[in-house]
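Shared between the two complexes below is subunit A, which pairs with subunit B and subunit C, respectively.
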Partner chain A sequence: MAVLQQDHQAARAGSAPRRITPLGVLYLVLFLLGLLAPWVAYPVFLMKILCFALFASAFNLLLGFVGLLSFGHAAFLATGAYITGFLLAEYPGLSPALGIVAGTLGAVVLGTLFGALAIRRQGIYFAMITLALAQMMFFFFIQAPFTHGEDGLHGVPRGELFGVFDLANNHTLYYFVFAIFVAAFALIRRVVHSPFGQVLKAIRENEPRAISLGYHTDAYKLVAFVLSAGLAGLAGATKTLVFQLASLGDASWHMSGEVILMTLLGGVGTLLGPLVGSGLVIGLQHQLAQSALGDWVSVILGAIFVVCVLSFRSGIIGECQRWIARRQQREDK
Partner chain B sequence: MPSPPIQGPRASGGASATAPILETRGLSKDFRGFTAVDDVNLQVQEGHIHALIGPNGAGKTTVFNLLTRFLPATRGEILYRGKSITRMKSHEIARLGLVRSFQISAVFSQMTVLENVRVALQRPQGTSFHFWKPERSLDSLNEQALHLLEQVGLRDDAHRVTASLPYGRKRALELATTLALEPTVMLLDEPTQGMGAEDVDRVVELIRVAARGRTVLMVEHNLSVVSRLCDRISVLARGRVLAEGDYASVSANPEVREAYLGSEAPESTADEHKEVS
Partner chain C sequence: MTMIFGIPLMVLFGQLMLGLINGAFYALLSLGLAVIFGLLRIINFAHGAQYMLGAFAALLGAQYLGLNYWAALIVVPLVVGALGIVVERLLLRRIQHLDHLYGLLLTFGLALIFEGTLVNLFGVSGSSYPIPEALSGGFKLSFMFLPTYRAWVLVAALVVCFGVWFLIERTRLGAYLRAGTENPELVQAFGINVPLMVSLTYGLGVALAAFAGVLAAPLYPVSPTMGSSLLIVVFAVVVIGGMGSILGAILTGLAMGLIEGLTKVFYPEAANTVIFVVMVMVLMLRPAGLFGKEA
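Entry: the complex of A and B
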């Protein structure tokens, strides 16, 4: 696990030429595991984890790297899901890739609108405004005819990718979803480690100071918000393809809460945290749903969450990083 | 890569006959009926180190917030080089070269010391919105950043996480970050607040060096710092300018002494107290 810390050091060393770092090795191992996984575990379950990991990573980009707590990210997930679902269901033969692109763009447009309204407020007010806007979208999705209200969109065809790959095959679809996830993860990683990401960090650490350095911080926050919304939309669009379903559950505030839980559990402000958090939550839901516990699942998840937050506040990955940092300090001495 | 000179061209003579670089006319701020700043007319001459002193609650920090548009003024005008900046936005004022610091040390604590300075240097590069570029694209600024850090004695700490620095060094870092912008006017809000005697001396020296060729307006409680550094002093009490002049004339002013003694004694130590009385 020492590799996680090395990420920071590699980033800090800056001018050092590119070489193989332990973190690079970890990413490679994870990548290979991702390639092999569908032959060991059920692909749909894995795809569910990947979709939620992407959703949580998008959310974490905003909370972890700008310090903005959005309580309405379900709106972007659902917008991506519904647009993609509607297009693929209404226009059979449409490329699934185009459907996903359209869903993502829809979330980007909505994110620009919501962001412009919400970004001027901070802290709890920002959270409340995003929640209110997301609730508005929820009721819009109930009323709008194209979503089929309470029923949702069922049986969305997965179609053929580039007219070659039949996505009805779970394994084929898995690799498509995996490619989307890897690309999105790489994008988030780049955003965090970019000139733009540096300004975001500065805003997170001390916004008045960033302003006094001449940065128009609202503009930076808006760009980050739109990126986050777009990636959340991408997660929703992909999810529609996996489950062939877009429903109101995607738009409800439970979904906005769940993504917060996943991110905090895994480690807010860490790149791998959301991946670990969503894997854990989805895995637990899956395991507990199969047991005889029934509706107690939510209670148990809640209890686990409380214990985690009380005992390790910075999340699983965050705690690992701190542990490594402490150990390295001792070694330095 | 040329490093920005910490010591710019000397301001021409500092003659008081020239137009002030920063001026307020009738500047006022009301908070729901309470007037925190009341008809303040300040004139800061180019090249001066100008102090704003006064008892707690006199409105010094509010004046700073008005000057940098962190708060909008209720009435009055703010002029920079004769042009009104009253309605400009905070970040625009910063880009003009009026850069402020804060009462509580304003550093980016989870970033490294080097990154703190670099984030101030990177904006003129015009890539600050480029989320697709690698962080390595900023490495060309490292040399310049290290040079600035060297001037405040932080070069060896460049790769430390800022949170791990002692308080006095954080303030030095803040100064290096401010200098990275090559400001024409530095607005320092209590630069020595909360510091031990040794750190105070260091910071006084840093400000003295950094102020060469620049204009400084500072809020300061520590009167020995003010007497050592400042060319001109404005005393604020209850939102109004009570007196203005050099240290000798201001400290001899009976109204100033009353304002200080009538409220809390000057916040600093007993021997500084003696200096006023």
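Entry: the complex of A and C
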């Protein structure tokens, strides 16, 4: 016992002055880059990447850290987008922050319902159930009066944040979106490294064992699902503010597939992977749309899917981490 | 005109017939998914695309090669099934030792490739495939008009479904297949070529999808996106029925078609979503599916 305590104290003493780690430096550099980026690149494009990076991070929380493949995350993105879009368009004086909160809460409610249903089955069935539920929402959004069906919601006003910041200005909006993203990313990081996150990883590695250790895995899975759905809704709500538009494209199964690809390409189960993946996929789509290959986007995305699954399963960040780990091993020897 | 619940009887039976036809397609497709899942343990997301390829092959075969409907019904499943075997050999085999979710992702990528390519070549608007002459016209029954082609589709789909059921449940080859589902290593140890069996099984599942595609070509507009939305409904059907039983897949498919048809008569707004609603109810009451064995 005494030894354990000593170890514990030693561990604490070691981390107390908080050494500057390479990872910490990387985060700081990324943060500074994020602050400077809108003065170099087109802010709307950057905001699109941030929204999808948030969407992919939310998805990755489920696939990467609990091992649940949801094929229906578009439903939560679209729910957030439509609720925020509807509220801001119908009540012009409404604060955009409130609109986003409402959209996120809507996704949380939907996530609770869908999650409770989907976690009743495992593995492949879980994927099929989430896909089917999301398709049900797609048909709901086509028919519901407040979504304007095939046309979608156009010209959603961005409004003024806290009555001070005029979000019609792209740069102002960028910093708002950036703040949302950083907060959400910090939350995900906190969750993943918390004791709760450790239990999630235990479920991913071996669910029967986690159950035998006394964890109510279904409760953990549900909370993770709701969290992921809520963050996906937040991404959708923010996206509505950026593009002033909420449309059926957000709800389609293609969207659910795209977010899987972003996560897979960047690295499943890594925190930075979804950022890299979404940046690459959005950038690629943007480039292709302007080139002669514009019509082949979906074929190219499909091909990337196949290549990733066949020979690049750790994704970009995952491969980097493996490379660093190998190098450290060699140095230790 | 006879009415029932304020609905003309003709309309009711007409919609039930349409529902039964849809159900026959659900049955054919979920059967193929179940056959593939049984041995490969993957969900074939390219199933909808392969169904669409079947319809397109029939259409293009008729346009460029003069392939008639009856020949297409035999040749197209063979060709698309062979394509499936190539996919299995070249791609799926490489990931068979991995988590089965990767199979889902890989076939999803394939579906995007097939669908995207055909959209580029032929556009999204559908083309129509003529009903073969021998099957045009219809029967005038006392309570409804029954187009011959629809009756044929129902009969053909049922015959093929029960043929597959017989093959798997009642023949020696089917016994090997079921044994391979239970324990592939042991079956291999008995000297049965399991990798070949896996290839042929995938080919059979894909051929079933292509056969359904040919059957569907004269009924629905042939377009590159015809398979994807159908497939998601079929996924729901598979969740409802559970993939444990071949007969269960067939019965669930037909029943869901009928329920959809009935909903079209009594509450058309929900026709698109009723199968998903049934899925939700089944998940709440009997999560393993109606015919499912695993918990």
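Just so we're on the same page, the second predicted complex is superposed on the first by the 312 of 333 C-alpha atoms of A that agree within 3 Å, B and C clash if a C-alpha of one lies under 4 Å from a C-alpha of the other, contacts with A are read in each partner's own complex, and residues count from 1 in each chain.
Here is the rule we use: a contact is a pair of C-beta atoms (placed from the backbone, for glycine too) under 8 Å apart; a residue touches a chain by one contact, two chains touch by 3 or more.
Small disclaimer: the values here were computed from a predicted structure and weren't measured.
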{"item": "When subunit B and subunit C are modelled together on subunit A, clash or fit", "value": "fit"}
{"item": "First (subunit B), second (subunit C), both or neither touched by A:T217", "value": "first"}
{"item": "First, second, both or neither for A:R121, with subunit B first and subunit C second", "value": "second"}
{"item": "Touched partner set for A:F45, first subunit B, second subunit C, both or neither", "value": "neither"}
{"item": "Touching partner for A:W323 - first (subunit B), second (subunit C), both, neither", "value": "neither"}
{"item": "Which superposed partner A:R313 touches (first subunit B, second subunit C, both, neither)", "value": "second"}
{"item": "Touched partner set for A:L264, first subunit B, second subunit C, both or neither", "value": "second"}
{"item": "Which superposed partner A:S194 touches (first subunit B, second subunit C, both, neither)", "value": "first"}
{"item": "Shortest CA-CA distance between subunit B and subunit C [superposed frame, angstrom]", "value": "9"}
{"item": "Subunit B residues touching subunit A - in the complex, by the definition given at the top", "value": "68, 70, 89-91, 94-95, 99-102, 106-112, 114-115, 118-120, 122-123, 125, 127-139, 142, 159, 177, 181"}
{"item": "List of subunit C residues in touch with subunit A within their complex", "value": "37, 42-43, 91, 94-95, 98, 100-102, 104-106, 108-113, 115-117, 119-120, 228-229, 232-233, 235-236, 238-239, 269, 272-273, 276-277, 279-280, 283-284, 287"}
{"item": "Residues of subunit A defined as touching subunit C within the complex", "value": "69, 71, 117, 120-121, 123-125, 127-129, 131-133, 135-136, 139-140, 142-143, 253, 257, 260, 264, 295-299, 301-306, 308-310, 313"}
{"item": "Interface residues, subunit A side, partner subunit B - complex", "value": "11-15, 190-191, 193-199, 201-202, 204-206, 208-217, 219-220, 223, 227"}
